[in-house]
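Below are two complexes that have chain A in common, paired first with chain B and then with chain C.
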Partner chain A sequence: MTPAGFFTWLWDRLNVFATVFLGIFVEAVPYLLLGTLASGLVEVFLDRDQMSRWISGRPIAAAVSGAFMGMIFPVCECGVVPLTRRLFHKGLPLSAGISFLLAAPVLNPIVILSTAAAFGWGQMLFWRIGLSLLIAIVTGLIFSVEKEAGNVLRPSLTLSNEHIHANPESENSFPGKIREALLITADEFFEMGRYLVFGSVLAAALQTFISQSALLTIGSGPVLSVLVMLGLAVLLSICSTVDAFVALGFVGTFSFGSVLSFLVFGPMVDIKSVLMYLQVFKRRSVFYIVAIPFMMSLLSGLVFNYLFP
Partner chain B sequence: MQTRMYRSFQGLLLLGLCIFFAFKAANGQLTWYINSRFIPLTIFGIIFLAVLAQVVFTEIKRSRQHELEAGHDHDHDHAPAPVNLWFMLVPLLIGVLIPARPLTSSAFSTKGLNTNTPLVSADSSVQVFETDSEKRNILDWVKLFNLEENTSQFVGQKASVIGFVYFDESLGEDQFFVSRFVVSCCAADAFALAIPVEWHGTSDLKQDSWVLVKGTIESITLNDKVAPLIVADSVIDAPIPSQPYLFP
Partner chain C sequence: MKTRLTLDTVAGSVLVLTAVLVGLVILYGVMAGIRISTNLPQDGLISPLQTITLTFSEPVHFEAVASVVSMDPVVDGYLELVDERTVQFIPIKPFDLDTSYKLTISPDVLALNGHALKKAHTWEFKVRDPLIVYLSPNVKDSSIWALDLNGSPSRRLTSADIKIIAFDASPDGEFIVFTVINEQGGVDLWKVTRDGSDVSILLDCGPERCTRTAISPNGKMIAYSREAAGISPGLPFGSPRIWVLNLQNGTNSPVYEDEQIIGYGPSWSPDSNKLASFDGLADQIRVLDLKENKQYIFPSNTGGPITWSPDSTKILFTNVVQMEDGLRTQVYIADLLLNKSQTLLGENDDLDHAYYSLAWSSVEERAVLGFRISEEQPMQILWLFDPALLEGIVIANQEEYSYNSPQWDPWGNSLIFQRFKLSGAFNPEIGLWRQGLNEPVILAPGLMPHWLP
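Showing the complex of A and B:
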């Protein structure tokens, strides 16, 4: 390759990178703003006593109710992380928080409607919801074994340190409270946005240099096809509110089981959400939060591929 | 003082993002990045960023007043680490320094090129059927050939599609692909759709230039699947459509 040819090639790659990066970023910012707004409002208007009254301390009840909380807080995977962090701060039990974190990006009205719009009210929607619930609750229950939240969460989230919001002087008037909530929103937008930016850069760079078409051509066979779709879910890093439309493009090329595993695993784990998880949980916990859903999604994909080829 | 510095920078960045998005929305370039159906959401984002910037700037003023009244500098605020702020410069810098361009054929090397697609929700085929053959775009044609068992009924219909030129070794000398990217969500999930065109003036065309192709539909077999081909009557230069991608 001549030097001039190399520079044209590099310039072209850079353009693809910039367009893909801004695509992910522009798409995600409104959702991140909504998530941090929810978090700001929770901080200001919800107190600890209310939380303990609503959410049971018993592991199974907590995990199940956590998984369904997405119906009240319609957030996708960018918004759910700051909100979960805030709810932990307010004393939400571990198992409830983790099942909320994993289930909410699928189990919320917006995502259910968009999945139905893409696939109709049928098998795909039913299994997507069912499996997401199952994985979220199981993961939540596994974490309920850990009695000491400090072993799972980052130190800034445990009770001893109250300073995770910017403005400790609390206001009592309603406009004052709203102002305080918005300031928290602004701070958290940058705190979480940092990982959104980093994750989008990484995803866009991977997409610029790794050939998806090559990935898709090796992706045949009942095992490999599920693995490829799981990898693609992580690589694409698209929002759960719209991934159903993307998944539609793989129907026909890929089996039902592999597309389903894409739809179940993608909202729980992708490049940007893992980076955000690291803000909330200790590294070892993040490993389990990624590994348990991965194993379970892989397993469900395989079961469907072998039972209904 | 330190908190005020942090707040000022934060306010400026919020305003910067707000203006950047608003600028993209105003000149129609948002559809170079995301599917048009998400534009209302971005508009919400623009407004909300402006509100947040306003809140942050008011806070700066308030804290200064507070300080004047108290008569001394008391920094009891616990603002988050300033390093968070620097990251938000990245999207602004990428957006401003790298000239905006919709995806072109240079993305084919990683995104691939499709001549048929299963991308359909079953009910939409009926609409495509009813549209006048010359109003169908590349996505419509590929959809039709993918859905219908009997594709011979389309042979001989008139076609008129806009897309960019792509040369591929798999094609004959007088042939090129006319292609468009299809975007469901954002540029990250874009994939290219292409229809081969037979045209005697192919050698005069330039890679990635936008053209309007008019001609007659033929049916061919590409990669073991039936696909449309256009035998062109005319291929003329066309301006880039205001929405360069197709939205399914």
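Showing the complex of A and C:
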């Protein structure tokens, strides 16, 4: 390649990089804002006693109720991280928090409707919800054996609450509480936003320099197709609210099981969400949060490819 | 001694367990080989022109699949690769009634990754009894009804609330497309499934009129005439143009980009590759070969029906010519291979027979033509003839009745038609002529009969 040709190629790649980066970032920002807003409201309006009343301390019940909490919070994988962190701060049991973290990006109403719009009210939607719930609950249950939250969560989980208690009088009034919630939202948005930017840069760089078509080419066969779709789920880092429409494009090229594994695993783990997980959990915990859904999604995809082709 | 569970031991165990399960599933899959599923129904009853889809669990070599697929008895058709895991058998001629077919795939290495089909797969199926669908003759109830030939009562497929103008049945018998006037004064396309369970709008044409639908024999496209709305309400519609709605990818566009080319009454060739239509502005029949992107033009001024030979190389149509003693309707045959048309019937007629209804069956030597015997009598009779020999027999000529709208079944053995009495109240009826019958039989009161195979 001549130097001129190299620079032309590099310029093209940089254009692609900028486009992909903006695509991922702009798509995710509103949901991060929504998640941090929910987090701010939780901090101000929910106290630890209420949390302990609502969420059972028993591991199975906590994991199941945590998974179903996603149905009432319209957050995707970006917004769910700050919200989960806040809920942990309010005393949410580990098992409930983990299952909420993994299930909420799929179980929220927007994602259910978008999946139904893309695939209809049929098998794909049913299995996406069912498997996401199963994986979230199993992972939550696994974490329930850890009695000491400090072994799972990062010590820096203590949040920057300098705005709280700044003005005890205004705090008790409703407008004052809203103001506090918004201040917390802003703080947390900028804190988690950094990792969203880093994650988006990384995902855009990988997409720019790793050919998606090359991945698709090697992705034939019942095993490789699932692995490729799991890899794409991480690489593309698409928000779960729109990933069903992207997945629809793979139908025909990839088997049902492969597309399903993409739809189940993608909302739980991608580059930007892993970077955010690292701000909340210790590395060992993040490894399990990534590895367990990965293995279970792989198993699900293979079961569908081999047993129900 | 009580062992305390830790996150590492539990998570590690789950990961190991899932890894083992992944290994077992892969092992099972490798041992079981390639799996195949088809679209053949559970009851084994199919349409005579059913496309059979084979879906493999893994990407396959098309040539390898083609070499191991067999049909007993043999049916004219071809295999087509839809995507790397899907192969279709598309019949050229219909499967026979009252014949049991066996589709077999023999074991062999079929997958791109070297995996084999470990055991032979066989599916058995038969052709279902065809239905006849027609429009209710009741002015207040313009709905579609279905009738079988076993004597069961007719069954309504669409609600009486939907006022249907006209319809066409898909050649594989799976659905019907019909036209309905909408609130804006335009005409929309609707669709109803074979059993009437699903009625839905297919194309909202807004203030424009979408009429004269023709479903392609492969069931993938619908051609129709589309007339633009007038500039303001009450003004006439624009000239009709031929559009095609692709049912596979949803695209909907005019066939000819040139807006000056108008078209009416589209008609598909049996191989679905050619589309004929009538251009009333230029007094021409235009035939567009969509596969070769080639156009044929033949003079015609009647706008009457166009019918295709079974091999898709010829068309029959009518044309009116001025003779010394007046106008004569003639039947023309156009050969697309020679790009030439010639008079087939009527050149030496001493009176105008007003040839109109034309239908060429799937059997080369069998076509039907409607015409009047005398200029004093408007009644039309139906004549079964061989287009090559021009010899034939009259199959429907009862006095006081006029016959039209003939439609052949997929095998070219039975013909349905519409007849009505020339005097008295308008009571159209659906009739059936079948080889071996001396006289046609009347099936039910109705209009616009179509086969729903």
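FYI, the second predicted complex is superposed on the first by the 296 of 309 C-alpha atoms of A that agree within 3 Å, B and C clash if a C-alpha of one lies under 4 Å from a C-alpha of the other, contacts with A are read in each partner's own complex, and residues count from 1 in each chain.
Everything below uses one rule, namely that contacts are C-beta pairs under 8 Å (C-beta built on N, C-alpha and C of every residue); 3 or more make two chains touch, one makes a residue touch a chain.
Bear in mind the structure is a predicted one, so any value in this text is a computation, not a measurement.
Per the definitions stated earlier, placing chain B and chain C onto a shared chain A by superposition produces a clash between them. Touch counts on chain A: comparing chain C and chain B, the chain ahead is B.
Touch criterion met: A:Tyr306 reaches chain C, while chain B stays clear of it. Judged by the touch definition given at the top, the superposed model places A:Met229 against neither chain B nor chain C. Applying the stated contact rule after C-alpha superposition, one finds that A:Val81 touches neither chain B nor chain C.
Contact with chain B, but none with chain C, is seen for A:Val29 once the two complexes are overlaid on the shared chain. In the superposition on chain A, A:Asn151 makes contact with chain C only, while chain B stays out of contact range. Using the contact criterion defined above for the overlaid structures, shared-chain residue A:Ile135 touches neither chain B nor chain C, since it reaches no partner. Once the two complexes are laid over each other on the shared chain, residue contacts for A:Phe21 go to chain B alone; chain C is not touched.
Overlap of the chain B and chain C contact sets on chain A: residues 252-253. Residues 12-16, 18-27, 29-31, 33, 37, 117-120, 163, 165-169, 179, 182-183, 185-187, 189-191, 193-194, 197-198, 200-201, 203-204, 207-213, 216, 236-239, 242-243, 245-246, 248-253 of chain A are the ones touching chain B in the complex.
Residue ranges of chain A in contact with chain C, taken from their complex: 138, 142-143, 145-146, 151-152, 220-223, 252-253, 255, 284-285, 288, 291-292, 295-296, 298-299, 302-303, 305-307, 309. Residues 5-8, 10-11, 14-15, 18-19, 21-22, 25-26, 28-29, 32, 35, 37, 55-59, 83-86, 111-113, 115 of chain C are the ones touching chain A in the complex.
Remark: chain B residues 10, 13-14, 17, 21, 24, 30, 32-35, 38, 41-42, 44-45, 48-49, 51-52, 55-56, 58-59, 76-80, 83-85, 87-88, 90-91, 94-95, 98-104, 106-107, 109-113, 117-122, 184-191, 248 touch chain A in the complex.
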